[in-house]
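These notes open a run of structures that come right after.
Next come two complexes built around chain A: one with chain B, the other with chain C.
Let's look at the complex of A and B:
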């Protein structure tokens, strides 16, 4: 059956709708006017320079990066053993554990952010950065457990058993036999978790405080006061990060992994 | 160490993280809503009797339902083309859908701020075409929120459905056609039933995502088009009414969990494979 030409035309329009707005952002970021306009009147990179002149952007970029790396690393550190236990000891653990790890996706993010603010930031008196770290580790835990878990489910554990029965200590078998075999899943999971954390608004908005903010929250705050193309240039920088993330996912699990 | 003990020891840190920092805080949010001295349900009575709060709830429902419906139709038609495309084009199209999905929600909402603004590209184009003479104020309306939400969620729907539609063997549609089924009948009797599980998963993701969103209604709806997410934030961080905010949170949790449970039940009933 040939695909209906009407459907093809419709799909072309959909993709124009998806990509068009991003091209408009790129165009706007290159404008030499002090207001947002498209198409740009003249080309200039002044708004890119402006990003680095505004100290709040410089600071929050560093914070967001450290938070995304730290939160994801923390989440991986506890998520990988959990995913390993789920795959390796399938019959020793109740299946409900898998549902518990995805709770951070099931519970509305904004409810989680609000609850963390009340109970952890205020109730337990966590410092801002510590509360953000816990919040982001939670936020990305489902990605860590699920993506690494998918790789582990495809792993043949009899290889690990062979190593152990030949006298290799269990911990060493894990690091030298299991981990290298699921490396692709770990890298892809890490990078997907990283971008999720980097883009997060709903949790961070409750946990950022005086002096400590993340880039998306700073962008929101900036937009409420100024309407200049700086936001567009920051957006373009973030799009470059997305390109990098996609390249890594493509090289590890392949982008079609995301359609499964 | 027995395997069972080892399994639990490996799972413990992740379980602790979720139970301690998600379970307890969210439970505490939910329980505070029943702690009112005027009776356990007085917060809910206040919520459902307040015209303003109900307006916010219905607006959020409406935006979420419209967003889901549009995303479903657009996503399905597009995913069909993607799933049937030659593999080179297919990978390009998947890249084009993944790229916006991985670009942050602030960036994607900001795009619509530029497009729909008073001096935005849409107004400029409409004036240039002579459709309107004065720029329309499209921002901070339900329209601006909805279009940005559709923009946000169509990629998710496409990617969810491509996987499902790829699983429908082309032989099946060809068999139906060779047996004399019209394209419409093939669609209704072969493709649609097999796509139902994916359609349900996609709808749940889009509905719960748009129902609980914060950044998009904040940027494109503002105070005038308050939605549940922005309302919760405003109550919690502007008026510091934590009990009121918790009640909003509880309503959001109930709506999302009910949707997820009801839809997964429906999916099981409609799944042609499971019978």
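Let's look at the complex of A and C:
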């Protein structure tokens, strides 16, 4: 095979830009200095220990995790029935409905965050955690609807009718026949949504308040005061959680599913 | 348990579009009736109404003594076989077949026994532990059949069950369907757009068009004695020649064609239904000959069919297709007559 040297250089550069920051962050997080530096000077795990010594990190980690699980679950509760209805009645329902569910992706997150603050947090006086939960559910809703919807669009609804004809009531057929066959889509949607929620700053920043914060926001706050490698080690930790989650997906479903 | 199915005065709409109009249909006990027609004629709608996936605007559906009209689909106890097989992809063949039994609250051991007996009857014993994805099209359809039969439904319904199979398998499967249906004496409704398929396995066939049944009769009658021009055209009476009875001449009726030519039809062979009528024939119902009592024509393009020659003929009533004997090929442009063959012709009221 003939290779174009320009093409090779371009590919190498692309990968360098993709992987470079990860290497820098990992290196920085291991540095034995009190400031961020690369290449690391001395090797130490003390900044990893530091994460768990700072109570704000511990607290926000729990908050972020609960938000990601709760927000995604809430959005699945809305998203799965919505995706089901849009796939099942795709000829009866107006096509614009599907686009409405993608709006949270199209609207700049800052705007979404601001309007949520005005309406939910201030207007309706929601407690902070509840407002965050609503915000995150809204943020990840497009992923749930789209990914589960892709599975449902590939689902042959005569299978559901077959179950009904065999004596299974429709609500039961939904759980025993429809859901098991779009399981892959639900898992993939859950993971995408989970990661999106876990990494979110723009919406959370408007909805967090006294005593309640999320991990990414705590990272920002920490960096404003200290310039130590803790943020690098938190980043590495988040990275490994994400990689771990992706590895589970890859193992159980194959990553190709996400690109479908 | 053998019951009859009766649809009376069924009208159905999709949104504001009327798809069925005042449809009456009666399927006798143990009978297999096909609904035959092109897409959009209402045959699948009829089946979905009986299944309970659609509600009629007016009319009633009765299965034996039971009124199904407002009964939810899952309570109707009808075995359905789908065009796409619609097997449960996440279940094994055995669990697919046992699904209906499970819904009926039958215990696991009994369920397994009955499912396996049925799987054996459709010849899939070695495949009971497989998932549908690992089966061929024909095997999948057998599973679908077993799944519908195992609940011992009083009514079986088929929605184009063979259209995803190749030609050879289609013939084998339809024989199998007929065999199993007859063995159980189950009343059956069969939807298809394939005339050969419908005619070969049905006791009676309903030919449908635009939401109405055009004719419901045995395949033999439909094939030889269509009741109207639609059915005649559907079963291959390609030539439609409008005629007007103008005079009686002894034991024959003299009829005038457009263009003024006169055709004499012996009363012993043809029954003229009304003053204005249509002579419908298959190509083999018009015999091209040098002379005789028939329709004057100029023979056009000749094609070879193996059993006969076929001619595109220009007549005063328009272009028609006629067959001629192999022994005597005519050239294009030959003046000839087309003699109606009574057994391949049909006179319909205009």
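In this section, the second predicted complex is superposed on the first by the 246 of 260 C-alpha atoms of A that agree within 3 Å, B and C clash if a C-alpha of one lies under 4 Å from a C-alpha of the other, contacts with A are read in each partner's own complex, and residues count from 1 in each chain.
In the analysis below, contacts are C-beta pairs under 8 Å (C-beta built on N, C-alpha and C of every residue); 3 or more make two chains touch, one makes a residue touch a chain.
Treat the numbers as computed from the prediction; the structure is a model and nothing was measured.
Overlaying the two complexes via chain A leaves chain B and chain C side by side, clear of any clash. Of the two partner chains placed around the shared chain by superposition, chain C is the only one that A:159 touches, whereas chain B remains out of contact. In the superposition on chain A, contact is made by A:168 with chain C only, not with chain B.
Touch criterion met: A:119 reaches chain B, while chain C stays clear of it. In the superposition on chain A, A:111 contacts chain B only, with no contact to chain C. For chain A, the partner touching the most residues, choosing from chain B and chain C, is B. Of the two partner chains, chain C is the only one that A:181 touches; chain B does not reach it.
By the touch criterion defined above, A:101 lies against chain B but remains apart from chain C after alignment on the C-alpha atoms of chain A. In the superposition on chain A, contact of A:24 is made with chain B only, not with chain C.
Here's the short version: in the overlay, chain B gets within 8 Å of chain C at its closest Cα pair.
Chain A contributes residues 1, 3-4, 7-8, 10-11, 14-15, 17-19, 21-22, 24-25, 28, 35-38, 77-79, 81-82, 84-86, 88-89, 92-93, 97, 100-101, 103-104, 106-112, 114-120, 123, 134-135, 137-138, 141, 145, 195, 198-199, 201-202, 205-206, 216, 219-220, 223, 231-232, 235, 238-239, 242-243, 245-246, 255-256, 258-260 to its touches with chain B in the complex.
Within the complex formed with chain A, the residues of chain B that make contact are 3-4, 6-8, 10-11, 13-15, 17-19, 21-26, 28-29, 74, 77-78, 80-82, 84-85, 91, 93-108, 110-115, 117, 119-121, 151, 154-155, 158-160, 162-163, 166, 170, 173-174, 177, 183, 186, 208, 211-215, 218-219, 229, 232-233, 236-237, 242, 245-246, 249, 252-253, 256-257, 260. Every residue of chain A that touches chain C in the complex is listed here, in rising order: 156, 158-159, 161-170, 173, 177, 180-181.
Of all residues in chain C, only 51-53, 72-80, 82-84, 86-90, 99-100, 103-104, 144, 147-148, 151 touch chain A in the complex they form.
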